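Before anything else, here's the structure in question.
Order as written gives the chain letters A, B, C and D; numbering starts at 1 within each chain.
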Amino acid sequence: MEPNPPLLEVRNLSKRFPIRGGILGSLVGHVQAVDNVSFSINKGETLGLVGESGCGKSTLGRTILRLMEPSAGQVLFESTDITQLDAQAMRAMRRKMQIIFQDPYASLNPRMTVSAILEEPLKIHQLYATAAARQQRLYELLGYVQLSKEALHKYPHEFSGGQRQRICIARALAVCPQFIVCDESVSALDVSIQAQVINLLMDLQKELGITYLFIAHDLKVVEFIAHRVAVMYLGKIVEMAPAQSIYQHPCHPYTKALLSAIPVPDPNHTRERIILQGDVPSPITPPAGCHFHPRCWKATAECKTMYPAPTQHGKNHTCCCYHPLHEKVME
Amino acid sequence: MNMYHYAIRRLLYAIPVLIGVTLVIFLLFNVVAGDPTLILLGKHATLQQMVELRHELGLDKSMLMQYCDTLKSAFTLNFGRSWATKQQIMQMIKGGAYASLTLSIPAFVLASLAAIAMALLAAFFRGKLLDRSLVVVSVIMMSISVLAYILFGQWVFAYKLGWFEIAGYEYGFPNFLPYIILPAIIWIVLSIGPDVRFYRTVVLDEVHQDYVRTARAKGLSNRIILFKHVLKNAMIPIITNLVIQVPSLILGALLIENFFGIPGLGNITLQAINNSDFPVIKAMTILSSMLYIIFNIITDVLYTLVDPRVKLK
Amino acid sequence: MKNLIKLGVFVLIVLGMWFYTKRVHTPQNQNEKVLVTVGAAQIKGFDPAQTDDVYSACEVAKIYEGLLGYHYLKRPYELVPNLAAALPTVSEDGCVYTFSIKEGIKFHDNTCFPAGQGRELVAEDFVYTIKRVADPKVQSPWFSMLAEKIQGLDAWRNKYAVVAQTDYTEAVAGLKAVDRYTLQFTLIRPWPQFPYILAMGFCYAVPHEAVQHYGAEFLNHPVGTGPFTLQAFNPQLNKLIYYKNPTFRDKRFPSEAAEAYQHLLADAGKKLPLVDKIITHILPEEQPRWLKFQQGTIDVADIASDSIAVEVVQGDRIAPRLQEKGIQLFLEPEQSTGLFVINNGHVLFKNNAKLRQALSLAFDEQRYNELFHKGTAVLAQSIIPPGLEGYQKDYTNPYKIHDLAKARKLLTAAGYPGGKGLPVITLDVHATTQHRQQGEFFKKCMERIGVKIKVVPNTFPELLKRIDQKMTMLHALSWSADYPDAEGFLCLLYHSDQSMGIGAYFNDPAYNALYEKAIVMQPSSERTKLYEQLNSMAAEHVPAIYSVHRPHPVLYHGWIKNYLWADCLYGTEQYINIDLEQKKALQAKF
Amino acid sequence: MIAPPFPRSLWAETLRQMLQKKLTVVAMAVVFLYTMVALLAHWGLIAGDWNVEVGGSYAAPSIQHWLGTDIFGRSVLAKIIKGTEVAMSVGFVVALIAVTMGVALGALAGYFGGIVDECIVWFYTTVASIPNIMLLLALTFILGKGILSVYIALGMTNWVELCRLIRGEVKRHKDQEYVQAATALGASHLRKLCRHILPNVLHIVIICFALIFQFAIKSEVILSYLGLGVQNSPSWGVMIDDARVELARGIWWQLVFATLAMFLIVLAFNILSDALRDALDPKLKGK
């Protein structure tokens, strides 16, 4: 048990999107994007959140920041339930939590210069009294992300993708946040650039002690940066464990399948490659029981009736499966 | 959601719009514009007569009852009689619609065909002199006032050169033909400009699609690609644009009809305006609004029917 | 490319059709006399009781007839019997008028009659016609003309105003068909203008069978006794075709004429009507009307209200280029007065004769005449137009001389030196191009003495509404004679809360007293004197700024014979003849 | 990547692109010229004497009267110049009203969605369903006549299309990541709408502004024909309307020159809006 409470704790968080249909547009169903998710992140830690596209991980990231209102559950940030905050308090809270998006092209306003973009958070939160102080802060931010001072007067369209992502990072850093959601922040970049950006993020974590929720759609990206990894399937977290544990001993068949998809840069290395059958089922009508059972090679009748409860497989290693691949993980 | 649900929903959605339209019309013409008695009784009216007439027309009823009357007339299509001419309004509109349509349908068909042909030509010779001059000509045609076209056209082509009838109209085919030619030409000149520009961009949009590149790669000639493939796909926005124009055909061209003495709906409307003939104005407004709504629904439904890419939202 | 070819083929087909129809159209029966006329406004149906505009009145008069009419060729106007056998006999006290009606007059053949055969017209038909005008269910705009005039009629009307069904069988004391051909009117008090009223359109005989048969659609199914018939009226047709009435009585072209019209007697004694068919086009715009006339496809064009008149009429002659084509001009002064009416009830003008006089002095009617009538109009001194009793040829209104110095002086005397302190005065006009220009001219005149005018155009009903509600300060109107008696003009300045007239809202006790005295008098030199006196009062108080008595030019082609226009004359088409030989010869020139 | 000598905003880029085309430059020059003429006329520096009779009634164009005279002997040239003021002010104010309404309602509907959106969509569908001519008529019934009602009536009938476009665009932009980023930074609705979304739909507004501008100038003729146009000041619409009764008399100069004056500015605006469209948003073509 840690003596300190976690920085962020998510309790039974759900997000449903209504579906309207019929002649009068009545409610005909829900998309259960995030389904009863709970986890916590400690200060200075990076939690990697991995899943196929459409599994609800982006929605989860945004719901945590209240960019979307949760349908149920709580988000505790420094023990404060932010889902209950009013607009005023929430705005203040936003200083502490930020987000970096996937698409560096869409996440910068094309009509604003870099200086205007970086200055905006300072103005919103009235962080620096004088223009000179703000200017100084801008230089500092550019320094963090290794961009030159000339960048301030340029427009986003004059930068490359990697540079833009740095600007996004700088913007997120502007308010000195303690927690940043990186929503597939490197997925849109070239592999070489990805590494640069990830390194930058890790450097910043060291330097500023920032906590990350790092969302990605494959396990490989997360490998370097995450201390812990959570795997999500159809709105639910199916497995969560410290990084080492999950890469070496994946318990959930789905995690295993994801892991097997990572190419290994060694021509002699052979490994069993698991190719999942079928598509991701519709989140409107998820399969009964374990959502993964139609694609699972280990599924039994049990899997089709009830959703498996999380089970402990080692220190901090939980998994929701009736037939885990490793019963007990070595410590 | 299926097609029928969608169509029915669109129809249901038309009800609040129709209520909105009748409400606006009612507010404007019954509440604001007010008292018809002078229009009806003329300069010799006496006070007692006015009171009697108000009763006769139901204008002494409460506003709510009067609005119900308006609403009822919209749904039963019974608009009563004109104040100015005392004629049955639906009868007037029927006759007027015939005259208007004999002008507007040929003009519309010709203008659309010509516009599509010109647009294809322009797209075919994209960037060349022909394309640029077609675009410039259509912009020029759009930039001249309707009234100038009518006055000049009538004076020069009908009178000085004697090519066309100056004005007038006769019912029955082919008697109306000589009378509609010049008005139809003016109509075409007026509407061809925006249409050519619109269709040209539609065609050019299609030209940039991948399938055109594939067709080119197959070695098909430009002409075949343009007419066989591009036109087929461009038809969807073109047809939508055509359908959406239909309600305006029925109202006709106000000024053109008046100047050429064509007793169409435009003419009726203008007369009604000049006579402050509110029942006719109301009837025309309600009818054209209804047509607009209906044709919008048709366009939407048609669109989803033809183009599977459009999602039913 | 294929589309282009298709397009070409389509165009060719259309052109082919056009030439085809052109060919079908032109040949006509060369021996048929067809008169082609043009109207400038929509026809509002053929119900005499409802018709209150000039254009519709012209059409109604082709089909319906009244007891009395005016002699076609005599001036000043002379009432002549039309359906009546003779002029009425009037009782001593001037209250009982007895008419005998011509025998053997038939209504048009129509399905509303048994066997489709037109019935004979009888005295009872007039009783019915007058009652119909008074029927509150009909809401005839003309009833006010008869209000409080005929014995028992008002009571009859008031009774049925609250009863669902009007009972025409209930007798009215003042309306009596003594026998099949004798008709008797009893008035409440003497009313010398009554015979003129009977010559007006709303008193034209209407058969009750038609009204009952067609109901509300009666206005589209005219059934009269007149010289022409119309199958049915389609309001959506801009072309009306009338045919000669085969059962028309033996009515002859007059054989007497005034001095000036002696040359029109060529057809004297011939049976009317002289043409076989009338085609009337309705063209609301001036340009096509005029172009069609010049093209020779319209025979007669009444251009009085058109601005083209300025161009065509030079002095009292027609422009030479038109004369070459054999086009004839008929030009008579209209019995009308153009007015810039002052709302005398308005706070600004009430009891401020000096202000009104100043405005009148500032108005340059000479220039107005030149601009809008090329100097052919008669400058108006007062309200009565020339040709009517009470008009004084040599009279000059002291406030109608264009004199800016005097105007400024009066303006100062009125309390507004140089226009200072005067609000912007609105001038409401009918929103036609010409009226707007006239308004602008008025504005320019007033600017010279520092009075600011704002011209407000309105649709005609709107204008009437604004006048009725006393919302105007000034408004431009023109008043035409309904019948040849100056009473129709003098009444406009009489204080009455019955009807608005021209909306002068003028109330001068001396004028009112004199007017009341004059209107009950039979024509006499004494009455003429009173009329003259009223006329000069109307001049000097300046309840309105009189502009001009405009001329009424009508153009017609050389092949049209016997053409004549006059204010109160409707249904004159029956007298017109067409010279087919000349038509062929002249049309070659087009 | 070689950085340009100085940073360029997208607007500067657009301007540079437009200035490369000769025709566009000419169109801009025409608009500028008309604006200057209108301003000078407004300040009374030119054509202040349009109301003065300079010659006989209806003098044909000649050396003394370049463009002839009207019925009162006023110079047609002076009237056309004074009419430029009216036309440009009608175009400008109408476009301003329409754009303000269209942007405000469209942005509200698109941004907030839900019931606000439903109400605004209902409102503009209703307005769009009523034929423009009837709305114009009704509005002048209420407002009375004069230039103010011309402004309002034309402004109120031309905002729907823009509103529809803006609503769609705002809806699209609202879910863009840069707006989400602003939310995450704690930006208020007003800030997101005005600082982030609106600048990104401004190009549509500019294009529509040019289109409404020229359309308003053209519509003024129709209003004048109906007697609802500008009063007590010379306008091209009134001059063209005068030709109804003049052309048949052979008096062509008012019609021809007023048509020409209108033609040039409308053409210039058409060319300009095309160029703007090409430069700002090629996707918007034909709308």
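Going forward, a contact is a pair of C-beta atoms (placed from the backbone, for glycine too) under 8 Å apart; a residue touches a chain by one contact, two chains touch by 3 or more.
Keep in mind that this is a model prediction, so the values were computed, not measured.
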item: Middle chain, criterion being Cα centroid separation; value: B
item: Farthest chain relative to subunit D (centres taken as mean CA coordinates); value: A
item: Interface with the most contact pairs, given as the two chains involved; value: B-C
item: Chain centre separation (subunit C, subunit D; CA means) in Å; value: 45
item: Distance from subunit B to subunit A - Cα centre to Cα centre, in angstrom; value: 54
item: Subunit B and subunit C: spacing of chain centres that average the CA atoms, whole Å; value: 38
item: Between subunit A and subunit D, centroid-to-centroid distance (C-alpha), Å; value: 49
item: For subunit D, residues that touch 2 or more chains besides their own; value: 226, 241, 244, 247-248
item: Subunit C, residues touching no fewer than two other chains; value: 285, 287, 291, 459
item: Parts of subunit C lying in touch with subunit D, wherever the complex brings them together; value: 285-287, 290-291, 306-308, 310-311, 370-371, 431-434, 436-437, 440-441, 443-444, 447, 454-459
item: Touching residues (chain side subunit A, partner subunit D) in the complex; value: 62, 65, 67, 90-92, 94-95, 97-99, 101-103, 106-113, 120-121, 124-125, 150, 153-155, 157-158, 160, 168, 171-172, 174-175
item: Of subunit D, residues touching subunit C in the complex; value: 51, 57, 71-72, 145, 226-228, 231-232, 238, 241-242, 244-250
item: Subunit C residues within the subunit B interface of the complex; value: 1-4, 6-7, 10-11, 14, 17-18, 20-22, 25, 42-45, 47, 50, 52, 136-137, 139, 141-145, 147, 161, 216-217, 219-220, 234-239, 281-285, 287-289, 291-292, 294-295, 297, 459-462, 464-465, 468, 497-501
item: Subunit C contact footprint on subunit B (complex, rising order); value: 35, 38-49, 52-53, 56, 81, 84-88, 91-92, 95-96, 98-99, 106, 110, 113-114, 116-117, 120, 151, 154-155, 158-159, 162, 166-171, 174-175, 177-178, 181, 223, 227, 258-263, 267-268, 271, 273-276
